[in-house]
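Okay, so subunit A shows up in both of these, paired with subunit B first and subunit C after.
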Partner chain A sequence: MSAILQAEGLKKYFKTGGGLFSKPTVVRAVDGVSFAVQKGETLAIVGESGCGKSTVGRMLMRLIEPTAGTVTFEGQDLGALGETGLRKLRGAMQMVFQDPFSSLNPRMTVADIVGEPLWLHGEGSARERREKTLELLRTVGLRPDLADRYPHEFSGGQRQRIGIARALASSPKLVIGDEPVSALDVSIQAQVINLLEDLKERFALTLIIIAHDLAVIRHMSDRVIVMYLGSIVEVAPTGPLYSEPLHPYTRALLSAIPLPVPGHHAERKLLEGDIPSPANPPSGCRFHTRCPYAQKRCVDEVPALRDAGAGRMAACHFFEDLPPETAGRALGAADSPAKARRLALYKQFRTLRDTQGPEAVLRASTPTMEAVTRGEQSS
Partner chain B sequence: MPPPSGSPRPEPQKPILSVAGLSIALRGRGRETSLVQDVSFSLSEGRTLCLVGESGCGKSLTSLAIMGLLASPPLEITRGEILFEGRDLRALSARDRADLRGDRMTMIFQEPMTSLNPAFTIGDQIAEAVMRHKGGTAEEARAKALEMLKRVRIPAAEKRLDEYPHQLSGGMRQRIMIAMALVNGPRLLIADEPTTALDVTIQAQILSLVRRLQQETGSAMLLITHDLGVVAEVADEVAVMYAGRIVERASVKDIFDDPQHPYTIGLMGSLPSLSGREERLATIPGSVPAPERMPKGCRFAPRCPFCIPACTEAQPPLLEVAPGHEAACIRAPLEQHVTEAA
Partner chain C sequence: MQSPALLFFRRLFRRKLVLLAAVILLALVLAALLAPWVTPFDPGAMKLVRRLKPPSELNWLGTDEYGRDVLSRIIFGARASLGIGAAVVVISMTIGTVVGLFAGFFRRLDAPVMRVVDATMALPDILLAIFLVAVLGASAWNVIFALSIVYTPRVVRVVRASTLVVRELPFVEAARAIGVSTRRILGVHVLLNVASPVLVQATFIFAYAVLAEAGLSFLGAGVPPETPTWGTMIASGQQYADDAFWVVLFPGVAIVLAALSLQILGDGLRDMLDPKLRKAV
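Moving on to the complex of A and B:
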């Protein structure tokens, strides 16, 4: 594998407020972030609200200018490209946003929204573009006959599909999803997750998923970056990150998730205190105000993001010496036999109805009393 | 490991709240659209009932109707009974209901600023809630407010009394709202998505706080959420709603270990798991029908993999499938109605 995208020392400081008598505050939204994205992988960026995930995503797309640092996409330094160069590159890098309501222009039809990138890149004739647009709608599971409707006529999940279709229009190599399923109900979220996975496979995409839902991330990604207050605290392949988190913050995040398993809460350790403001981050290790393992050194000295072997990195002075996370609770429990059986039935009938229609569902039903009696009469 | 509580819990005493056949409709321009239909449940002292379901299924309307806070018109309770501590709430005067609110029954919301007034200090707002319902002097009320802030673990509580809501973080505001909701010792607490807007580490703090306070005070809680993790964490009983109706009701253990309604099963299958990477999520196709376009029979029929013609003839009633476990599906339990080798 080779890196398709590389971020090096990215920083973004926002100045806010400040007037005649007050100094502006500087929000260190992203404060020195470096990582590489491998071709074909799904990389997740996770962390709590305000830790800088979206700001990183926007800098990768160069929708905002970094305060410092570089982004290299397929060997090209984005900062060195002019407007035209950037525009070309943006076809190859696309973003899908969290809010399907505000990210689509309400005055454009779905066909116009999805087809706009084709038009911008001057692809083909009007008819060919229309064809391609309808094909894109089919690809994301929307009926092409809805092409001339407006976004408000669609549900949240459908709007997210429209956003995805639009992102695919320019045949991107890399898609960045900023909370692409966070605003959706569970059942709709599952549809969009499956869609993203199918599309990734079909178009050999590289995906960066920005999210705060650790279950969604576990399901979708190959590798995870954990951020806290503008910095990376841990990087690891997905499996090991969940089974054996190294950084105290990652541990705390994982143990805070309420599991859909009754009776599990008894075992958890809770993190105390609030998330500090990025305008006034704690000295040394930014996590030291909440870390159960903090020591004197943590207050004074910023921990470097260090190699932890097996493709892992952690930014903690003491990660080698911390007690292993075996005491942590299991992240799930086996399904009860009754639940496992019904889930299996559900999936089986879902496929049956999809592929062979409702009549097949009826045929696979045990005869009801009524049918039994009718059968007896006819024989 | 917590002990598995397989056997049904002893049936608790008299319910604090019991809702029977509650229906809510939207009236306007000569039309009536049913939004909540035939919702029934009851809740006893010290117990927590979770209402779960997707956006728009009627969870908030149900809770607002109980609180007497429905925006009517255009919303209206068209049928049903709401008994609170044995009293028929619908028969009470507006004044009597207002006296109950904030005292015997209280509510917390997803957005704390719905209940907090930005123009007053935290201390004044909580003290005001105390004096309005319990009387007493301003000093006593302020002392009560301080005690409550300490109980919800607000750091530097003394100082916070004189601060304004905007000076606090989201998690802190949520604690203040909880303090205000519990200061008068309500018998019923309704919490509508109290942690949905919070980060997961803060959510965990708030949930554990609510659970502890509830144990201390013995009040009943109706918790509204769409997060099945939160449900498993705090519920004793669960009611799953779909398109304005309760489709399944059971103990929390039975909902997770013995889901009966195809909608509940589909929801469980849609949840990505933290413990491993499963192949593909099961999904529920399509989306919830709009209230004015509800199908005639089972409302889940257009999305249900098990749907047969009989499902679309009449609305399946909520019937007991096992002791203390009800489902509104003519084909529950599924394994008795389908051939698995299909």
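Moving on to the complex of A and C:
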């Protein structure tokens, strides 16, 4: 695998306030973030609101200028590109936005919205573009005969599909999803996530998913970057991150996920206090004000992002010495035989439904159900 | 499924008053456009024997001090009055929209442009217009020019305010993300979304311009008196108003009808477009 996108030392400082006689306050929204995205992977960036994850996403797209640092896409430094060069490259990098209501121009029809990238990149004749637009709508699961409606005539989930179709129109290699599902109903979230995963397979995309919901991330991503107050605190493949989080902040985030395990009453490590202001971040480790394991050294010294083996990194002075984590592991624990059978049954139904349609499930359900119940009683 | 145009008019004319205003306005515009064919008399033809005659079967709205038919002059006056109003709307809308879009979108331009606009708006409208016409000389074109200068700042304000809101909406960022040029973002994405308040503003400016033209002509700082406009008719007829009220009343009614129906139409447009706008933003 090779890196398709590389971020080096990204920083974004915003100046706020500051009048004639007062100095402006510098908000360090993102303070030195470096990472690489491998071709074909799904990388997630998670963190609380205000941790700078969306700002990172926008800097990757160069929708906002970084204060410092570089973004390299397929070996090309985005900062060195002029306005025209950047616009050309925009086709290869696309973004799906958080708010499906305001990220579509309310005065344009769906066909215009989805067709605009095609028009911009000068593809084919008007009729070919129209064909491609309708095809894109079909791809994301929308009826093409709705193409001439306006965005307000669609539901949130449908609009997000329109947004995804727009992102796909220019045949991108990399798609950045800025909280693509957080504005949607939970039931719709799953549909949109599945759609994104399908499209990723189909078009061999690389995905960067920005989110604050670890449960959503777990299902789609290969690697996770955890951010806190503008810097990276942990990078790890998804499996190990969830089973053995290294950084105390990651642990706290994970323990906040409710586990769908009956009888599970894990001790929650809820974080106390608010996230400190990035205008005036704490000294040393930025997490020390809320860290349950904080020590003297954490106040004085900024921890480096250190390699922890197996592709993992954490920015904590003491991650080797922390007590073993249990809360997050419960999900990964071996299933009881009864649960394993139920899961197998569920899988069976899913395959049945996917291959033979919903009626097949109805026909098959009764005897199989009985078989399982029998099995459960005998064990 | 109804066509959007049909839906638009059905919504707009839900209020009967708006429909009435539109009908009156349409009648005035048609009369102005078809003036040479619908007027009973030549508006300039003097008949001194028939001067200051009250409304009769021959002269429906009476005759003026030179025996000219008031109705014919009002209809021809509509050409000048509405024509000047329309020209002012087109000019001030075009310039105002472009300047407003730029001022709202490019923050560096905002402060200097808005200070100039504030300065212009600090001067009373009609005084500024009189001053400009006095300097440039009285002619229809100079009236159009002067009134455009007076009303452009209003448009700039409205467009700039809407642009400030629209430019922060995510679809503008989304447009940039797919590689849309700044010119197209401004000219298509933002413009489409500021269009409705601008449209409403246009009807108001039309009404103001018709009134202001009449005012300027009345004060002698407008169109030369030989051209019939509603303002010049009142101005030249005022000294006979005691004996022949029709000389000033009917041009006055025309002004009121035109201005009022434009205002009502503007109100109707605003009522119709506002909830949609709120939903959109």
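Here are a few things to note about the model shown:
Simple rule for what comes next: the second predicted complex is superposed on the first by the 318 of 379 C-alpha atoms of A that agree within 3 Å, B and C clash if a C-alpha of one lies under 4 Å from a C-alpha of the other, contacts with A are read in each partner's own complex, and residues count from 1 in each chain.
Here, contacts are C-beta pairs under 8 Å (C-beta built on N, C-alpha and C of every residue); 3 or more make two chains touch, one makes a residue touch a chain.
Predicted model, so just to flag it, every value in this text is computed and none were measured.
When both complexes are overlaid on chain A, the residue A:347 reaches subunit B alone and has no touch with subunit C.
Contacts of A:106 after superposition: subunit C is touched, whereas subunit B is not reached.
By the touch criterion defined above, A:61 lies against subunit C but remains apart from subunit B after alignment on the C-alpha atoms of chain A. Once the two complexes are overlaid on the shared chain, A:186 sits against subunit B while remaining clear of subunit C. Contacts of A:49 after superposition on the shared chain: subunit B is touched, whereas subunit C is not. Touch criterion not met for A:16: it reaches neither subunit B nor subunit C. After superposition on the shared chain, subunit A has more residues touched by B, the comparison being subunit B against subunit C. Put simply, subunit C touches subunit A in their complex at residues 169-171, 173-181, 189, 192-193, 195, 279-281. Those residues of subunit B lying in contact with subunit A across their complex are 2, 4-5, 54-55, 155, 169, 171-172, 199-205, 207-208, 226-233, 235, 252-253, 256-260, 262, 265-278, 280-285, 287, 305-310, 331, 334-340, 342.
Residues 58, 61, 63, 87-88, 90-91, 94-95, 97-99, 102-108, 116-117, 120-121, 152, 163, 166-167, 169-170 of subunit A are the ones touching subunit C in the complex.
Residue ranges on subunit A touching subunit B, taken from their complex, read 48-49, 155-158, 185-191, 193-194, 197, 212, 214-216, 218-220, 238-239, 242, 252-266, 268, 270-275, 330-333, 336, 338-339, 341-343, 345-350, 352-354, 358, 360-366, 368.
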